[in-house]
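Below you'll find the structures, each written out as structure tokens.
In what comes next, chain A is part of two complexes: it sits with chain B in the first one and with chain C in the second one.
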Partner chain A sequence: MKPAPAAEKLFFGAALFSASISLFILLFMVVLGLPLFKDGFFLRLFTDPWRPDHGLYGISAMIAGTLGVSFLALVLALPLSLGCAILISIIRPPVFGRLLEKTVQFMTGIPTVVLGFVGVFLLVPFIREQFGHGSGRCLLTAALVLAVLIAPTMILFFCDSFSRIPASWLRAADALGCTPMEKFRHVILPNSLQGLAGGTILAMGRAVGDTMIALMLAGNAVAAPHALLDPARTLTAHIALVVAADFDSLEFKIIFACGLLLYAITLAMTLLIRGLDRGNGGRTW
Partner chain B sequence: METEDKIIIKELSFAYRRRPVLDRVAAAIPASMITAIVGPSGQGKSTLLMTLNRLWEEIPGAQASGSIKIRFNRDWIEINSPKVDPPWLRARVGMVFQAPNPLPASIYKNMAFPLKIAGVKNRKEVDERVEKALRQAFLWTEVKDRLTDDARTLSGGQQQRLCIARALILEPEILLLDEPTSSLDAEAGAVIEDLLSELKSDCTLVMVSHYQEQVRRIADRVFRLENGILKPADMP
Partner chain C sequence: MKKIIAKLKMPAVFGLALGLLFCAAGARADALAPFKGEKGTIKISGGTAHIPVMKEMAKRIMRFNPKIRISLAGGGSGVGIRQVGEGLVNIGNSGRRPTANEIEKYHLSLFRWAVDGVAVAVNPKNPVRDLSKSQLKKIFSGQIENWKELGGEDRSINLYTRDKASGTRAVFWKKALDKGEISPRANFVPSNGAMKSAIATDPGGIGYLSAGNLDKSVAAVAIEGVEPSLKNIKSGVYKISRSLFSNTKGTPGGLTKKFIDYLYSPAGQRLIAEKGFIPVAR
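Then we have the complex of A and B:
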């Protein structure tokens, strides 16, 4: 057997190193969070409230905050992203389409702290004045800005899924008298569903993992939000807030539980995307 | 026997990304005949077909000018007029491509798809028209018991006949064929040739072909396209 070329070895080493880092992070969180797994303490994290002064370290409010902000952002971003992707890939207005695509590509590179600043100075006062309730830092404000954060990822992913439809299918639809929207509805959309689902899951992962926007705009109250204008604290914001204030207490160790939970959510989403990819063959309408 | 013209092309020019492909092409294509367009590769034969149903408009960077009039029933229609809706035109001027292009669906759904787009909802009518078009394409007996199978499980020749049947289901007055047998073996190609010879009584066929023997066997008129110029040619 011929020895692998040097470049192949280098890339293999780089891949192994990257995978090891991911596993090392998991191991690090498990080891440092070990005290949490004793005497059923870990399960109480999901049932107790967060009251460290009373020895209660539940993170259910943060889980609810994370899911609330992320799902709301997804609900807001999904139709917007689908519409933009249809405009760019299907309707293709010559100048505006290209301009929109370049803008979307540019938006993927905007740091989240910049979006957070825009939210703090423009959206927070707007929400406060429009609804006349609370500080303006709430689930809705954070979700709106998170939607702006995740939409470009979704749009580019959706455009990519649409562009993967074989040209022969599109030509067949054109030759049979389909309008662009009929072609989209009957040929492109049914055959892009896995890509659309993949992009949505990826965006959801990005929303769940974002720290800065949630920290700056969600209000950070330790209570499960029940309404759009209620403040919320996400798992990532909770980690950032605890790390900034503490170092070696049980309260501090709770952030490893939050980290493990985020890791599990990210892993579940990655596996879901891989599952979708694996099932992407020979599907018919 | 003198035949009526079906398509009259005048001053038709076409450019792709500013590179001229067709240069003031003129031709009269007779009705109910097979007209073959021959010529060397890369001269714009497929492009010429795509100007007859305005499919070229889907190609980014393409530009065309000139006049193409088609006689639908007794009326001559200038198809490049902005008043003509391309989907309307394409439902009347069917097209079959070099490689079969069934959609990723069952045989039945492939056949019913154009009717769905045309707004035909009556299931009985759809079933009848599916059967009629499949019979026209000599395919009914081979697929009648497997209509729910994925169309991509058919052989290459069967897929091409399915694509012809799918184009025929809307009862087009003109059928454009871009080298319809080039991706098939000789046996499957012969079946398609027989099919095309049968079809010309119902519709006008315009076919691009590279095979001189095929043109000799089934074409009634021949045009040669070379260096952007289209000229009537003798039977090869």
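Then we have the complex of A and C:
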């Protein structure tokens, strides 16, 4: 049914409004970050260390921190999520499967600060005592908790893409005498790759954007991490820590560079998902 | 019937406790009297060393007159000064004197109400209780990396520091480290409270925090044999100290003025001393 013209206009207005907000945010960051683009200063952001006392404002350590923490979280969460999704939507143990699914749905709603809090009191001492080195606030600790944060997103997304496989294909596989795992390997997996990739990118975006977990658990040191047990500072944590600096200082303006970078990373991921969707679009079941 | 009586007993006990509380409150009523019949909100942010005193004051005032709402946030001295300057809060606390530039730009009125030490603290399990200034500098610059070198157990030293908005950091950096280097591998925590809990949970941790915020969960370290005790801070023997300020934009009026007056009242000054600071008269 076609919506009434008035409703159509209303929805169009709402869509335009919300789309323009994200554009305005970009504009805002570019305008306020403009002083950074002068005199090749912008390039120095990627080469200098972060030493505000010495007039050096490089954020390469934070970029390394963000990428390190979120990639590691992804590496930890991906196999786990894939296994969970297979269990929930393909193997389907009657009671446990439902229970697992409900738990995962519940987990998506846990505030990150709660995860961070639990991490500070349980995981940080554990990691410290296990490895007997460092403070326990490190790349690994933050990535482990971040993996818990992003896994539910991935699991639900994966389950969803598994369930989009037409039932007739599955029945055909059953008729050929496939075991559930054979069915998964030869029918479900090849046809849900795009969904899997989409879920992974979405989770990565969430990991990159999260602030609280890294702020509470990664130690926030300003040197780039070289090992799993090294402390790290992410771009988001950096913004949270530096936002308190003097408004007129150059230090404060760096926030906009961090914001622009995060914006660019998110944009790149969105475009990736779009690209995948388009690849999927030509297909008809 | 018996059950009902049993049920009634509990509230009676609570009532008694509440009554005692009000009696105690009665003793302080003089200082709180100006808040009678007032209503409105006071917003406070900034220095995290101030929080124990501010929290207790807010509790007393809001209990005395529930129509007054007081909100209390941290953020660090830099945040307090900026937010009060921009009119976002009524009182911006700072653990350092606002710079001449800040005072001029925001037309700040400064209220200095306590002297507080900045103490170096370690985990209570750590046997190291005394450091020389040069040892301290070497620890924070990353030259000494293991407690073994300082007579402690074989455990790596984990540094905790604060961000630039922190007045505690500014004072520590200037007076304890003589503006020396802080290792880029140091962990950053966002408040005095977070510093305390980080050190309390890390057997190899060392950091610095407001002496008034010290408690049994962490162990204070003497510098050159001088402990950061109230006595030593007051006499000036312990050198790493600063004043605590509450700042307002222009001359305060209304509730904000009454709040600041309370800090200087006998009850307020007693409270400041109870919380481990050295009260300063107006």
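In the analysis below, the second predicted complex is superposed on the first by the 274 of 285 C-alpha atoms of A that agree within 3 Å, B and C clash if a C-alpha of one lies under 4 Å from a C-alpha of the other, contacts with A are read in each partner's own complex, and residues count from 1 in each chain.
As a convention for this text, contacts are C-beta pairs under 8 Å (C-beta built on N, C-alpha and C of every residue); 3 or more make two chains touch, one makes a residue touch a chain.
Since this is a predicted model, take the numbers as computed values, not measurements.
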Three-chain arrangement built on chain A, chain B and chain C clash or fit: fit
Partner chain(s) touched by A:Arg171 [first = chain B, second = chain C, both, neither]: first
Partner chain(s) touched by A:Thr179 [first = chain B, second = chain C, both, neither]: first
Which superposed partner A:Leu23 touches (first chain B, second chain C, both, neither): neither
Residue contacts on chain A - larger count, chain B or chain C: C
Touching partner for A:Val187 - first (chain B), second (chain C), both, neither: first
Chain B versus chain C as contact partner of A:Val95, first or second or both or neither: neither
Contacts of A:Ala6 with chain B and chain C, given as first, second, both or neither: neither
Gap in Å between nearest CA atoms once chain C and chain B share a frame through chain A: 49
Partner chain A, residues of chain C touching it in the complex: 75-76, 78-79, 82, 156, 158, 160, 163-165, 184-190, 197-198, 201-202, 204-205
Complex interface listing, chain A residues touching chain B: 168-179, 182, 186-187, 191, 282-285
Contact footprint of chain C on chain A as seen in their complex: 49-52, 61, 120-121, 124-125, 128, 133-137, 215, 219-223, 230-231, 233, 240-242, 244-247, 251
In the complex, chain B residues that touch chain A: 53, 55, 58, 87-91, 94-95, 97, 99, 101-106, 109, 113-114, 116-118, 150, 163, 166-167, 170
